Amino acid sequence: MDIGWPPLSFVILLPLIGGLVCLGPWFAPERDAASRLCRTWSLVVSSLTLALLLAVAQGGMGAPDVLLSVSETRAWIPSLGIYWNLTLDGLSLAFTLLTCVVSLAVLAWSARPAQAGAGWYSLLLIGQATVLGAFLATDLVVFYCFFEAMLLPMLAAMALWGGPRRFQAALKFLLYTMVGSVMMFLAILYIGWKGLGVLATHGAETIFAFDVTTLSTTKMLGPDEQLWLGLAFLIAFAVKTPIVPLHGWLPEAYREAPHGTAAFTAALLGKVGIYGIIRFAMPLFPGFMLEAAPHLAALGAIGVAYGAAVAMAQRDVRSLLAYSSVSHLGFCVLGIAAATEMAVTGAVFQAVSHGLVTAALFLVFGAITDREGTRDMDSLGGLAARIPVGAFFLMVFSIAAVALPLTSSFVGEFLVIIGSWQAFPQWTSVALIGVVLGAVYTLTAYLKVMFGPEREPATASDADLQGGDVLVLGALAALVIILGIFPQGALSSISPAIEVQLAQAAGSVEDEAKAQLRAPLSAEVTVQPARLESAIAESSR
Amino acid sequence: MGSVVTYVGLSLVLFAIGAVGVCIRRNAIVVFMCIEMMLNAVNLAFVAFSKLQGNLDGQVAVFFVMVIAAAESAIGLAIIIALFRNLVSVETTDAAQLKW
Amino acid sequence: MGSGDLRLSLVVLAPALGALLSYVIGRRSPKLSGVIASGAVLVSFLCSVLLWQQVGATGSFTATLSSWISFGDVSLPLQLYFDKLSAVMCLVVTGVGFLIHLYSIGYMAHDESVARFFSYLNLFVAAMLVLVLGKSLPVIFIGWEGVGLCSYLLIGFWFANTEYAKAGRKAFVMNRIGDVGFIVAMAVLYTQCGTLDVVELGQGSVLSKLPAGLAFLAGLSLFVAATGKSAQIPLFTWLPDAMAGPTPVSALIHAATMVTAGIYLMGRMHGIVELDPAVPAIIMWVALVTSAIAALTALAQNDIKKVLAYSTVSQLGFMFLAVGAGQYAIALCHVVTHAFFKACLFLSAGSVIHGCHHEQDMRRMGGLAKAMPITAICYGVATLAIAGICPFAGYYSKHAILGAISGTTNPLLVAAAPFIGYAATAIAVCTAFYMARSFIMTFLGGYRGEGHPHEAPLVMTAPVGVLALLSVIGGFLLVHPITSFVTGPLPATAGEHGSEGFVSLLIGSLPGLFGIALAAYLFLVAPREKELLRRIFSPVEKLCGGKFYVDEILQVLVVTPCRKISGIAFRAVDQRIVEGSGSALGSVTQAVGELTCRITTGQVTTYVLLMFIAAAAFFSVFSQVR
Amino acid sequence: MSFMGFVLSAVAVASALGVVFNRNPLYSAFHLIVNLLAMAGVYSVLDAHFLAVTQVVVYAGAIMVLVLFVLMLLNLKAGSGRKLGIFRPLCAIAVACSVVTTVYPAVESNFKDLSLHELQEKAWRSEGTVKAVGEELYGRYVRQFELSSLVLLIGIVGAVTLSKRKEGKIGPREGGLGGGK
Amino acid sequence: MNGVTSFAPILTLSLGSLVYLVTGKLLERTKLAAFLAFGLVVAAIAMLGIIPDSIGESEYGLIVNDFSRLLAVVACVGALVSLVSTRAAVEGEGIDTLNEYYFLALTALSGALVMIFCSDFLSLFIGVEVASLALYCLCGSRIHRGISAESSMKYFLLGCFSSAFLLLGIALWYGATGSLSMVPLAAVPYNAMIFLSFLMMLVGLAFKVGLAPFHFWVPDVYQGAPTSVTTFMSCVVKVAAFAALLKVLVLGFTYPQPWSFGALWVLAVLAMTLGNLAALQQRSIKRMLAYSSVAQAGYMLVGIVSTEYGSDGVAATLFYLVSYCAMTVGSFAVLAAVGPDADGVDSIQGLGKRSPLLAGCLTVFFLGLAGLPPSMAGLTSKLFVFSEALSAGLYGLAIIAVLNSALACAYYFRIPVAAFFQSAPAQQTQPISVPLTTALALVLCAAAVVLIGLFPEPLLALVRDAADSLVGP
C-alpha cells in the first residue's frame, strides 16, 4: 500500500519530536507553567499518535479479508543491507496500540514524581517513540537500535525521580539488559553478514540482509547456527521479558522506579521480549525454537508458579507487582513455546492484557501508597471505606489480574492454557499452580490494603481519586472488560499475523525435516512428530 | 661474515643491559641514560646490518637516531628539571602521585 | 428459537442490569435498591417460567450474545442454552433468589451499604444464571467464576472485620483450586474432542475421541471443580467460614444455589463423568465421607449458622451420592428440595439472628417460639423436611437417593453399595438429630439470652413462609413429575418412588423420625442422660466440635508448606541465588577490576618491567607459534 | 671479529654494566661516556667512519655534557636509601636474556648462508664515508633530513617551555590531584 | 615534484609553526595568536584537499593516497576541534607559555601527519618522535603542577623505552631486507627475523596506540596532563598511531603466515578487558576515559585482526576510529570547559543545572562511547567492527568484545548520571559560561556523533576507499 508519505515513520517520529520539544521547557525557569503546558502538549501528541496509528491501521485494513499489512522501506546503510523497514501487521498493531494506550494513560495520570516537570513528559514521549519503533521495525538492526534506546528514557526517569536505591537499580537494569542484548547484537550481525552473502547470490537489486521477513524465506541457517544464534536472541528477550531465572534486575527496578515509569516499564518494555520472540526468533530459528520449546515451556511454567510463589512472600506492593508480572508473563512464554496458533495468539493477547492491567495496577497502587506514605502492605489497611473509587478500580484490576472471565486476561490465559495443553500438558499443569497462587497473593494484597478496620481516622488529605485519574482508570477498565467480552475483533486481527509467523517457521521446519528424510543418519534436529505434522498442515493450509 | 653478525649480538646484549637498567634504576637521569644506551645499541645493529646488506641506509638511519637522541636529551633533561622543581627529587618512585 | 433468544438473554441480562442500576440508583436512595434488585430477579424468574413452559422435554432454546473467543478455526461463542436441565436450575435460582431478595430488603434495611449489597446479590444471580445457562464450558466457567467472585465479595461484605474478609479470601482460593480442575477438564476436552460445547460433548461420537486415561482425567477434573464449588472433601472448609456473610447471602449462595453448581456441572457433563467407572466410584466415596464428617461436625456446633452450614455440606454430599450412583435426576431433585428447605432454614435463622440482635450462639437462645411464632413454624417445617419425614419435600429426594445407592450398577460400587446405603441412612438419622437439636435449642425451652427478641417484619416473614410452604409441598409436587420436571437431557431414573404405600412411606421416614425422637428425648426429656452421653463420647464430641481438624490438617499439609516454600523461594532462591548471582558477578568483576588497577602502581619502573616482560613474552611465545 | 673489535666490545659491555649497576649517577654517566666512545670505536671498525666521528661529537660531546651538567645542577646524592629488591633485577635480567636468546638465533640464521665473498662485496659498498652518507642524506633522505631540523627545533622550544618558571616558584609539589582516588 | 606535493601539508604546518613562533610572540595573549594557529591547521586541511595522490611508490618516504588523506584530515580536524574548543580552557589552566603551546601542538600535528603519510620506516620513526617529543613537552606544560611534570616524565621515559623497541624492529627489518622502505619485497623470503621485527614494531606501536599490556602510560598521562592537551592527544596521537600500526600490519599481512593472528588477538582481548575492568574502578573521569581509550583501541584492533581476510576490516576500524575521535575529543573538551581541575566525578555533579549544553553534549559522547542510541556513531561503528570479526570467523573475539562493551556501560553511565541526576556539591553550583567557539565546536562534535551513525553511508564510502588504497582492493 502506497500512501505517498511514510505513515509508520510518522507514528514513531511524532512522539519523538514531541518529546524533544518538551526537553526545552525542562530547563526553562518558569517550571510550573512550563510543566502544565508540557502536560497538555504531551497529551495532545500522544493522542495524535494513537489517532494516527488507528488511521494507518484502518487504511491498511482495506478489504475485510485482506490481511492487515502496512509497510515502508527506506535505505539506511544499503551497502550492508540495512534498511529502515517498518511493518504494521496484526501482531505489531496489538502491541503498538497497547503502547499508545498505556503511554496516554501514564501521561494523563495526575500523580507524577515531585519536581518532575517537563522532563517527565519528555522522557515518557521519547520512551513511547522508542517502544513504538521496536514494535514496528522488521529490520534487525533497526529493531536492535530501538531495543537499546527504549531503555534510556526509563533509566533516566528512574535515576531522576526514583527511590533511595535508584542508581543501583538503574545500573542493574542496564547491565542485565545490556549483557543480554549484546549477544543478540552479535547474532544479528552474523545473520546479516550471512544474509548478505546468501541474498547476493539471488541477484536481487536491493538486499534486505537484516530484514526478518526476507531472511526467514532463505532458510540459510543450519542447526548449529540456529542453536547459538537463537540462544543469543532468546537470552536477550528473556532478560527483557523477563523469563525466570533472568529476572534479577526486575524487583529492584520496579521498587525504585517512580510509579509511571514502573507502569510503563512493566506494561511495555517487557512486552518487547515477548514480541521479539514471536516476530524474530520464531521465523529465524524455527528448528531451534522447536528444540527449545520444551525448555522454554518449562521456564515459562516454572516462571508462572515461581513468580506467584515469590509474590506471596512480599510485603512491598511494588515487589508484589513485580513478581506478579513475572508470573503472568510466564503464560506468554508458555504459549509461545507451544507454538500452536491458539496458544501464540493467546500469548499475544495475554501480553496486551497484562500490559493494560499491570499499568493500571501500578498506577492505582502508586496513588494509594503515595497517599499513605508507605508501600508496606502490612502497615496499610482499611482503605476501602476511605477511598471507595480507588477500591473499586483496584478490585476490577485485581480481578483482571486473577484472570476471571469477562476480563481480557482470562481470554489470554485461557487460550494459552488450552493451546499449550496439547503440546506440554505437564508444564501447563505446573503453570496452573500459579493460577491458584495468583488468586492468593492478589486477594491477600487487596485484603491487606483495603479491608480490615480503618487504621486512623479519615483526614482531609486522603481524598479519593479525582476526575482525570478516574477517567484514565475507567478507560483502562473499560478496555480490559471490553476485550474480555468482545475479544474476537482483536483476536482475529492478531491471529492471521501469528499464522504467518508460524507458517514461516513451519515452512522452514518442513524443509529441514525433508532434508532429514533424505539423510536419515544426520539426526541432529529431533523434531517431535506430532507437532511437526500440525506445523506442516498449517503451512500447507 | 660471522664476525659482523656478532656485532648484532653485541648490540642485542647492550640493548638488553640498557633495558635492564631502565627496569631497575630509580633515578630518572640514569634511566634516561640507559635508554640512550638502548638507542645506541640499536644504532650498532643498524651499522652492522648496513655492512651485511651492503648499503648505507642503515647508517643514514643511525644519523637520524642521533639527531633525535640529541633532541630527546634536551627535552628529557628539561622534564627532569621540571620534575625536580616540583618534587625536589628525580627518583621515579617519588613521582607516583598518578596511579591506579 | 427466535423468540427464545431475547427472553433467554433477558433472563441473564435483567439481573446484570439490575446489579448496575441498584447500585447507581441505590447510592442516592438506598430504599429503591432492594426493590430494583428484586424486580430484576422477578423479571428473570418470569422469563424463566415462560421459557420453561415452552421448552419441550427434549427441546431447547439457544441465544448467542457474542462470538467471544472466535478467530481462525477457534470458535467459542458466548451462547446461552435453555433446556429442561437448565430450566430447573433457572427456576430455582430465580425463584428462591427472588424470595431471598425480598427478605433481604428487610434484613439489610439498616445497613449503610445496602446498595452495594443488592448490587452484588444481583450480580450473583446473573452469574449463576450464566453458569446454568452456558452452552459451552467456557461460558459455564464465566458463571462459575462469577459466582465465586460474588461469593467472595458477599462473604467479605462487612470488610471492616478482617476475619470476614479472610473468610472471603479463603472461599475464593479454595474455589480457585477447584477451578484448576475445571480448566484442566476444558484443556483435555478441547485438545481431544475439539469442542467445548456441552451439547456436542454429550454426543457419543465426540466422546469416543477421548482415550481411556484422559477420560478419567477429564471426569476427575470436573469432579475436582465440583468439590471446590460444592464444598466436598478436601475443599469444604470454606463453607462454614463463609457464614461470615450476611444471612441472606448464606441462604442464597451457600445453601440454595451456588454450592449446587457442582451437582449441576456433574449432571451437565454426565457423559464424561460416566466414561470411566472409577470417577463415579470416587465421587461416591468422597461424597460419603464428606457427608458423614459434616453431619458429625454439625452435631457439636452451637452457632446456628454453622449447624446449617455443616448440614449443607452434608446434604451436598448426599447429592453427590446420587451423582456417584449415576442418578443425576435424583441429585437434581435433592438440589431443588434442598434449595427450598435450606433457604427456609437459613432465612428463619436470619430472622432469629435479626430478632436476637445479631446473636448466633444457640446456647444464648431458647424459647423463641413464643417471641417469633411464624419463624418457629417455618423453621420447624423445614427441619422436618430436611429430616426426610414423609410428606415433606426432603423425604422424596432423600429417599430416592437411598434407593439410588442400592440400585447402582457401577461395577466398582456394586459390592460396597449396601455399606454405603447403611452409612447414608445413619447420616440421615444424624441429620435429623442435629436439626432437631438446633430447633429445640433455639425455639423451645426458656430464653437464655439478653434483651427482648422480636418477630421479623412481614417483608422477611413472607418469603420464609413461602419457602416453608414449598418445603412442604415441593416434594409432593415433584413426586410424579420427578422425571418429567428435571430429567430432560438426563438419563432416566430407575424406579418409581411416588407410588409406594403408606407403610413404605413410614419406613422411609424412619431414620428421620428416629433422629428427631432421639433429639427430643435427650434435649427435652432426659438432660441427664444427655450429659452422660456427652461424657462418654467427649473425645468424639471434641473431634466433632473441632470439625475433625480438617482445617488444621490443611493448614499443616498445604498452607504452611506453601508459605514456607514461598518464603524459601523469595529469600533463598530469589534474593540469594537470582539477585545474589548478579551481585556476585558484579563483585567479582569489581574485584578483578581492582586488581587490574593495582597493577598500575604509578611507578615507572614497574611499568617498564611489566612492558618488558610482556614484550619478551610476545617475542618468545609468538615466535614459537609458527 | 677482529681483536680491536673484541676489545671494544668488551669495554662496551663492561661500561654498560657499569652504567646500570653503579649506585652513583655520576659514575654511571662516566661509564656511559666510556660506552659511547667504545661504540664509536666499533663503528669505525665497521667502516662507518662518519658515524664514528658523529658519535663522539654528538653523544660523548654534546649529550653527555648536558647530562653531566644536569647532574651537577641538581647536585644529587648517591642513590636513595631504599634497597633494590632482588626479585625485580632477577626478573629483568631473565627477561633480557630471553629477548637476546630469542632474537639472536633468528638474526644468525638469516645470515648463515652469506658467503665471505658476498660480504666483502657488500662491505665495499657500505663504507660510510662522509661523502657517501652525505649523498644519501641530501638525496633520498632529504625530507627526513628536513624533518630532523624540526625535531631539533622542538627540542629547543620544548626545553624552554619546560624550564620556564615563575619567580621563586621552586619547591615542593603544588596542589594534589583533581579528583583522584 | 611528487615528493614536494606530498610534503606540502606537513611543510605548511612545520614552517607555519616556525612562523607562528615568531609572530605569535608579537601577538602574545591575544585571541589572534590562537586564531593564527587555527588558521594554520585549516590551511593544512586545505592543502590535504589539494595535493594529488602519489603516483606509484613515493621515493621520498611519504605517500599520499586515500588512506593517508582521510586520516590526515581526521587528525587535522580533530586537532582543530580540540584546539578551538579548549582555547579558553588553556588560559585557565595556567599555561603561561601559550605561544610555545600552540607551536608544540602544531608540530605534534605535523609529526602525526608524517606518521600518517610515511612510506618508509625512517619517516615513520621520525614522525613518531616529532609527535612524541612535542607531546612530552605539552604534557608538562602546566609546569607548576606536580602531576603535570610527573605525567610528562612518565610519558617521556616510557615513550623512549618503547621507541627503542620500535627502532629495534625497524633495524631487524632493515637487516632482513636491506631496505627501510615499507614495500613488501617479494624477493625476500619470510623468516624469523622479519617475524620478530614485526613483533617489535607491534610492541612499539601498541604502546603509542595504548594497547594493553603496553598501556600503562595512558591513564597516568591522560590524567596528569592538562585537559586541553589530553583532548588534543586523545585524538591526534590515536589517529596517527593507528595509521602507523595499520601500515605496519598490512605490510606484515602480505607475508603468507598468519603470524599476526595470535599476537593481535591477545592484544585486542587484553586491551578490551583490562581497559574496561580498570575503567570500572575509576573515580577520576580523565583516568576513566584513558582506560576507556585503551578498551576502545581494543575494539578497533578487533577490526584489524579481521583485516587478514580483506580490506573491510580496515574500513571498519577506520570508521570506528573516526567516530571514536569525535566522541573522545568531545568528552575531554567538555571536561576542559568545566574547569581546569575538573577531573573527579564530583566535579561534574549537577552539571545539568550549571550548563545544560555541556551536560547534554557529555551525555551524547558517553552514550556514543557506550555504543547506545541516540549517539548512533558508537553503535554503528561497533556494528561494522563486530560484523567484520564475525565474517572473519572470529567468534570468540567478537563475543569477548560485545561482553566487554556491555560491561563498559556500567562506567560510561556513571557520567551522565552524575551530570544530570546528582546534585552539585555546595561550592560548585554557579553556572558555567561556555565561550561561543567552544560551544560551537562541542555541538559540531555532538552532531557528528549522532549523524555519523544515522547516515553512515558517506563516511562508509570514504573509509572503504581508504582501506582499499591501503590494502589493495
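Each chain gets a letter, A, B, C, D and E, in the order it is written, and its residues are counted from 1.
Quick note on the criterion: a contact is a pair of C-beta atoms (placed from the backbone, for glycine too) under 8 Å apart; a residue touches a chain by one contact, two chains touch by 3 or more.
The structure presented is a predicted model; accordingly, all values stated were derived computationally and were not measured.
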item: Touching chain D and also chain E, the following chains; value: B, C
item: Central chain (by mean CA position); value: A
item: Between A-C and C-D, the pair with more C-beta contacts; value: A-C
item: Reference chain B; chain at largest CA-centroid distance; value: C
item: Farthest chain (mean CA position) relative to chain A; value: D
item: Where chain C and chain E are represented by their mean Cα positions, the distance between them in whole Å; value: 77
item: Interchain centroid distance [CA atoms averaged], chain B/chain D, Å; value: 4
item: Mean-CA-position distance for chain B and chain A (Å); value: 64
item: Euclidean distance of C-alpha centroids - chain B vs chain E, Å; value: 26
item: Residue numbers of chain E (touch at least two other chains); value: 122, 126, 129, 133, 136-137, 140, 143-147, 152-154, 157, 161, 172, 175, 192, 195-196, 219-220, 223, 281-282, 407
item: For chain D, residues contacting two or more additional chains; value: 88, 91-92, 95-96, 99, 102-103, 106-107, 141, 144, 148, 151, 154-155, 158, 160-162, 165, 169, 173-174, 177, 180-181
item: Interface hub residues of chain A, defined as touching at least two other chains; value: 175
item: Chain pairs that touch, as defined at the top of this document; value: A-C, A-E, B-C, B-D, B-E, C-D, C-E, D-E
item: Chain D contact footprint on chain B (complex, rising order); value: 1-10, 12-21, 23-27, 29-30, 32-34, 36-37, 40, 43-44, 47-48, 50-60, 62-64, 66-75, 77-82, 84-88, 90-91, 93, 97-98, 100
item: List of chain B residues in touch with chain C within their complex; value: 19, 22-26, 28, 31, 92-93, 95-100
item: Chain E partner contacts - residues on chain C that touch it in the complex; value: 589-590, 592-594, 596-597, 599-600, 602, 604, 606-608, 610-611, 614-615, 618-619, 621-623, 625-626
item: Residue numbers on chain D that touch chain E, as the complex places them; value: 102-103, 105-107, 109-110, 140-144, 147-148, 150-151, 153-155, 157-158, 160-162, 164-166, 169, 173-175, 177-181
item: Chain B contact footprint on chain C (complex, rising order); value: 597-598, 600-605, 608-609, 612
